[in-house]
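Next come two complexes built around subunit A: one with subunit B, the other with subunit C.
What follows is the complex of A and B.
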């Protein structure tokens, strides 16, 4: 049975013959929420401050009458105007830039909407570096997209790819993250967010 | 087999420094991932971090798409920029967020990498970037240095290098 040295990267034979190889990684699951029936928000609470960074991976679809919607992200239930967001969005024809400041939530990404083709969900990865560092405001970085199989008209109805960022002007450690959808519509069944801690 | 991430080293800046170096990088991983939460002491609107590999600043090229000051664009360059450090004149306490991913860093082929980054702050002078870079050298990567092109990394800047299996 081989084990790998984390310092040198080389393999050697384990002294614990017959035992499974234990390789302590830096990427740990904290929690996963999968929607079983439509819900207006998805929240991670009591997030431990023991990791260095956070990463969230999600698949989402809204129940709205739109092909796509904005997903909002809020930290620690702070409803003040402490948030900013910026988007670079492409739809296969054009690339657009958007900016918002002093809002009450981060505009996280575009999700597939209720009138998108059946079974189409958007995919997203969100990184929050140094989320527990009390010397820093919290910056988020999001990569997101969906493809609607050439269906829909206008803007991002056929699908989009978005690189976006968000700012929460607070030095508090992030202990709770809430996702909602523009207009208060619901996440549909099978929408899911997974929260990971990165050491 | 699932992707596995292993921290090689974290550096936190206690007082301003011109660069951060990860040396003697182990060769046993498949890919490398670098994350950087940074602010520079330079007071321009956009700060540009750069990368040095194995002490080299030559044979680099890059292409990027971006949103800056509310406008989208694309550019190419033959330099070491990886883009995305908060400058000193930005909103206080804000730090840029950057991830660099380099597959097959120990191979004998040229080294490609991609970067996504942001200099998010509460103003219009802000940017997000996607960058594809190439170091046209066949040597295995044994050291990586990052630093702002102008000024120093400010206190509380952090950089972490991970190995990926």
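What follows is the complex of A and C.
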């Protein structure tokens, strides 16, 4: 999608998940959290409301005894049942769709688990559109996957690609984002999330 | 806040070529994004990417998992132990329809993890898909070669642009 600047007359492009990249100058790094020792949550707080959209780019792996786990995302420490999620997932054998409503978190994506092959991490790009708007709910979109070179028990363990969306039923501006893993297990060393602002 | 999403290099083919290579890629960024819009003279062939450190790796160290839509069905497929990373399945280029493909190479300069990549490719006359790919190496990536899975060329006018994204 081309966007024309009323000020300069120049064209730029949106860099969100489904689109071509943006032109430089409208994409800024805000903060990064990199796990140096295992931790159960990763949080961005005091997020400025001066951008149009947010993008989070991450690599993750859990310490669980599973090949993969579900990553949960919450906004502004809201633990009420104000979240919904939809998944379109491919596991190398089937394309599956899932939905969850009135939950206490967005089911953001699948991460490689502690029994995935060594050195395999999942990667994710998450867009939070119009995050500072105070008159509408917040919708998110996620592109995520890991590939385990066809090893593991069950198709999802061998590699999974997820396109998903999330809803936070709140008109509050997003000022904090927390990631956790279902079951309360830890993110392993080298897991990292980087937060960017997009104008 | 630091501005990022920096163009590193762009190649627009002035003549047909079998491959395009980005070499001596700086390790100073966090992620790379490669945006390509190729066409090919005839037929329909998948785009193949190989990466490496100083030289591209042609060993069987690549694998992908795909989620595709063809207009009549959604499906998921997998290829393992490949000698290159298939970046398209239905989103391949043809002579008239460029494949609009974006490749996110996450944490590409890491020397402690394998490299996982997210790919989106599109050919509106054939299909659209998202792909996750794995290169089983802990070497930092500083060279990328894009080619086709057959002995044919990219057409003149095909574009290949590499961006760097730097975290705070």
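The criterion applied here is as follows: the second predicted complex is superposed on the first by the 174 of 199 C-alpha atoms of A that agree within 3 Å, B and C clash if a C-alpha of one lies under 4 Å from a C-alpha of the other, contacts with A are read in each partner's own complex, and residues count from 1 in each chain.
In the analysis below, a residue touches a chain if its C-beta (ideal position, glycine included) is under 8 Å from a C-beta of that chain, and two chains touch if they have at least 3 such contacts.
As the structure is a prediction and not an experimental result, all values here were calculated from the model.
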item	value
Partner chain(s) touched by A:119 [first = subunit B, second = subunit C, both, neither]	second
Partner chain in contact with A:35 - subunit B first, subunit C second, else both or neither	neither
Partner chain in contact with A:163 - subunit B first, subunit C second, else both or neither	both
First (subunit B), second (subunit C), both or neither touched by A:95	both
Touching partner for A:173 - first (subunit B), second (subunit C), both, neither	neither
First, second, both or neither for A:27, with subunit B first and subunit C second	both
First, second, both or neither for A:147, with subunit B first and subunit C second	second
Touching partner for A:194 - first (subunit B), second (subunit C), both, neither	second
Which of subunit B and subunit C A:57 touches, first, second, both or neither	second
Overlapping contact positions on subunit A, where the subunit C interface meets the subunit B interface	25-27, 88, 90, 95, 143, 163
Subunit A-facing residues of subunit B, complex	3-7, 10, 26-29, 35-37, 65-68, 70-74, 91, 93-97, 99, 116-118, 120-124, 126-130, 156, 158, 160, 162-163, 165
Residues of subunit C touching subunit A in the complex	1-7, 30-31, 33, 35, 63-68, 74-78, 80-81, 100, 102, 104, 106-107, 110, 112-114, 116-118, 120, 130-134, 136, 138, 161, 163, 165-168
Subunit A residues within the subunit C interface of the complex	15, 17-18, 20-22, 24-32, 57, 59, 88-95, 117, 119-125, 143-150, 158-161, 163, 190, 192, 194-197
Footprint of subunit B on subunit A - complex, ascending	4-11, 23, 25-27, 52-53, 84, 86-88, 90, 95-99, 101-102, 127, 129-130, 133, 135-137, 139-141, 143, 163-167, 169, 171, 198-199
